[in-house]
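In what follows, subunit A forms one complex with subunit B and a second complex with subunit C.
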Partner chain A sequence: MEEFISRFLSFIRTIDERDLARAGIGVLKESLYRSFPKEFHEVLRTKFSTRTGDCLRDFFSKPSYLRNPDLIKADLEAVLGAIDAMRILRLEVAIEPSDAFVDRIAGWVLSNLGSDIVLDIARDRTVVGGARIVFLGKYRENTLVDMVKNVFETKRDVVMKELL
Partner chain B sequence: MRRDIEQFLSATGEIGFVEKAVSSLVYARGLPGARQNEVVVFDSGEIGRVVALHESQVELLSFSREAVRIGSRVARTDTFLELPLGGEVLGATIDPLGYSIDPTRPLPPMKEARPLDIVPSGIETRLRITRPARTGVTLIDRMIPIGKGQRELVVGDQKTGKSHFLLSSLLTHVREGGVGVYAVIGKGKIDTKKIEESFRALDVQNRIVLVVSHIDDPASIIYLTPYAAMTVAEYFRDMGNDVLVVLDDLSMHAKIHRELSLLGRRFPGRNSYPGDMFYTHSRLLERAGNFVTPKGERAITCFPVAEAPQGDITGYIQTNLMSMTDGHLFFDHVLFSQGRRPAVDPFLSVTRVGRQTQSPLEHEIARELVAFLKNAERLHGFVSFGAELGEHIKRTLEKESEILQYLDQTEYDSIPSPVQVFLFGVVWNDLWQGHTRPVIRQMIKTLIESYGAKPDIRRQIDNIVASSDSVKALGIFIRDFAPKYLGMK
Partner chain C sequence: MEVFLSSLSGILAFLGASLSFLAVFFIMRSRNIDPASASLRARDTLSRAREDADEIIREAESRAEEIVNGAQLLRGRAEERFERAMEGFLERESKRLAAAGEKLFGEYGGIAEETRGAYARVIEEVSKSVSEEARRGISELEEFIKNEMVRYERLTDRGLEEWRRTIEAEIEKKKEAGLKRVEESIYRILFFVSKEVLGRAINLEEHQALVVRALDDAKRQGFFD
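Let's look at the complex of A and B:
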């Protein structure tokens, strides 16, 4: 189960995807008692992304689940708990994040920090370059603005000499 | 005063996000290194304070007038609440964070800053109370004396003359060279104006600091007011002054503490007040006392005020305060409606340490007065049966009326202590017998004016009081000198 949850969480990259998965699991739980398994598969197809939907379908197609909606419900709740416990890594960047950008960052996070981390990427033009990083209440500013400010503060004489 | 959150974010490397805000209480996620009572800065630049640390949240008290936005950022500052202090604060009216409440008259930058909430200093810094704290109110100075460093609760219903007594006490204290601190806790702006005007009219405003919060201020600001006042008092004590601090009033402070505690979902106790109600006030009042300082013996005398609706002094907060102070003055609305000024009930009022500051003569005067008035009160019950009165009883009741004239202070803010003793000698030796009320009032007025204006009379009265070691000895001097000073034939 743990392995499955870890694999499922690895497909959730951002907080938007997390909210989508959370809402989908809610609908999926309700579908268990409405013409199961037809409705169940319909929800998996329409309410989830391809990757998360396929992951759930593979896992719940095991014979032990076939005639046991209560068991599926219990496991879905465990998945929901794991989603709620995901830690948020907030990045403030100057650009509008593209899918490739999100993929690259999420890939790095997955391989370096683990699967229980979800990205919250926000756009802030004042960052100019680099990023502001917030994780578990820790704040780090690795921005171009900050670097320039530091240079002006610590090497003021050198800068002035170059300018004049 | 707004602060730049970016600066603190970079400095501490920690951030929190507001998840919930209920009145002044704010719950934020993050800030892993937050400490109890640490100051935090919100996105708006307004400040707050950490009040509790939960498993996944930090509970903050916002000092902002505007509601804190959900989702906004919070930063730690690695500092605790401090009040900027300096000599310039004398004569100013400040809020509990140390800023002038009049934006047109901002205070200059101060050299020193002191924490608002400290652990009261220990027994090794304290001295026995030996010096009298004169209030200028005859009834109190003679019958319920207060010492410098004493904490005396002022309790009574609304409109019973408490404020007048407090102003009179501050006036006397300042005239003796001390510094006054008046904390106006969650009252209307008009009340603050009235107090300011009274100080200005008495020309003592330059020796008094007003620390005010108004009823429309956030609960968090009102809550801080008495702590800020006590911090100001401690500063001036350490500068070598005796300080009188008035906390007007702690019933309102208790209500605000209750409001914040209930909003914070603390478990309610008696009358829904939180369990730490006694601790909150006792910790505050423990900061007053008579101290040994590098500049010698200096005292913070404290007059906390509590309202007693309908004259009921058995309420939770009132009895709490009574048990943590060194006595109380009970202002009775019945006495007030009878025209008694001050309307202090001397039999329900208590002083626990004030008597040890009195001279043997003053001690004897207090004893005689209390015994006489108690006896006269008993006689009133007897008279009400319609019994025919003997000469002795008639005279006792007449003398009681004369003593009440002596204690009446409708017209005077402050009567110097030697004059109080001298006038006692006059009334005790029956020199006012047969005189009407207006004549007695005129005699008192003449004596007070002469004492203030004529140094030779002042010297003589001071000598008479100083050389009398008993009421009997005082009587001998009085019979010889009083007629001259009082303008009697």
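Let's look at the complex of A and C:
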């Protein structure tokens, strides 16, 4: 189960995807008691992203779940609990985050920090380059503007000498 | 200065009055002149002489004060005026004292011929003595005023020097503040231009690489621990 949850969470890259998955699981739980499994699969198809929907479908296709909606429900709640416990990594970057960009950053996060981390990416032009990082109440400015500022502060005399 | 002038006028008046009175009293007693009326007239004359002397001193005071005040503006002119004032003062004083003596002499015109010579000599002595005393006092006054002028000039020079230093320091401070402000402006412009140019010069791929690098750095620095 843990392996499944970890895998499922790895498909959730951003807080928008997390909210979508959370809402989808809510609908999925309700579908269990209405013409199961037909409606269950319909919800998986329509309320989840391809990757998360496929992941859940694969997992709950096991014979042990076939006639046991209560067991599915219990495991879904475990997944929901894991989603709620995901830690947020906020990144403020200079560019509009494209899907490819989010994928690349999410790949880095998965490899370096684990699957229980969800990205909250925002655009801020003043960053210029790099990222302003906020994680578990901590803050770090690894931005290009910060690097330039450091150069200007530490090499002020040199800069002014060149200029004047 | 006022204390000095008051003292001087007091000395002059006292000296003149005492000498004249004593001389006249002595002559009258030796020549059997009616002491009551002569004494009254002598007192009256001496009182007027004293008033004259006081007036002279007051005028000198006023003149000296004007000179001291004028010295603040034009030293040369003030000195010239001072000299003129002193000469005028001495001349006037001599004249007035002589007139006072003549007045005294006139009052006793009725005194017997034989006593007139002695009386005139006494009066002459009195006038001479009073004049010399006044001259000496005026010299002291002149010296005093000159010293005051020198002292005042020194004070003024010192004040000007102090003022000049303050102004210079103020100008220097303002100049430094202005330069600093200009430097700050240039610095801010340069910083703004640098980041703008950098931001536009980086392509999408480089932006992504920079974000990954930022995450790598944060991890290496233990930010995620």
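The rule is simple: the second predicted complex is superposed on the first by the 164 of 164 C-alpha atoms of A that agree within 3 Å, B and C clash if a C-alpha of one lies under 4 Å from a C-alpha of the other, contacts with A are read in each partner's own complex, and residues count from 1 in each chain.
Basically, a contact is a pair of C-beta atoms (placed from the backbone, for glycine too) under 8 Å apart; a residue touches a chain by one contact, two chains touch by 3 or more.
The structure presented is a predicted model; accordingly, all values stated were derived computationally and were not measured.
Overlaying the two complexes via subunit A leaves subunit B and subunit C side by side, clear of any clash.
Of the two partner chains placed by the overlay, subunit B and subunit C both lie in contact with A:140. A count of residues in subunit A touched by subunit B and by subunit C gives the higher number to C. Of the two partner chains, neither subunit B nor subunit C is touched by A:6. Of the two partner chains placed by superposition, only subunit C is touched by A:105; subunit B is not. When the two complexes are laid over each other on chain A, the CA centres of subunit B and subunit C sit 40 degrees apart as seen from the CA centre of subunit A, to the nearest 10.
When the two complexes are overlaid on their common chain A, residue A:150 makes contact with neither subunit B nor subunit C. Minimum Cα-Cα distance between subunit B and subunit C in the superposed model: 9 Å. Under the contact criterion defined above, the residues of subunit A that touch both subunit B in one complex and subunit C in the other are 138, 140. The part of subunit A that touches subunit B in the complex is made up of residues 134, 136-141, 146. Against subunit A, the residues of subunit B that register as touching in their complex are 9-10, 12-16, 29-33, 75.
Interface of subunit C with subunit A (complex): residues 183, 186-187, 190-191, 194-195, 198-199, 202, 204, 206-208, 210-215, 217-219, 221, 223-224. Residue ranges of subunit A in contact with subunit C, taken from their complex: 91, 93-95, 98, 101, 104-105, 108-109, 112-113, 125, 128-131, 133, 135, 138, 140, 142-145, 148-149, 152, 156, 159-160, 163-164.
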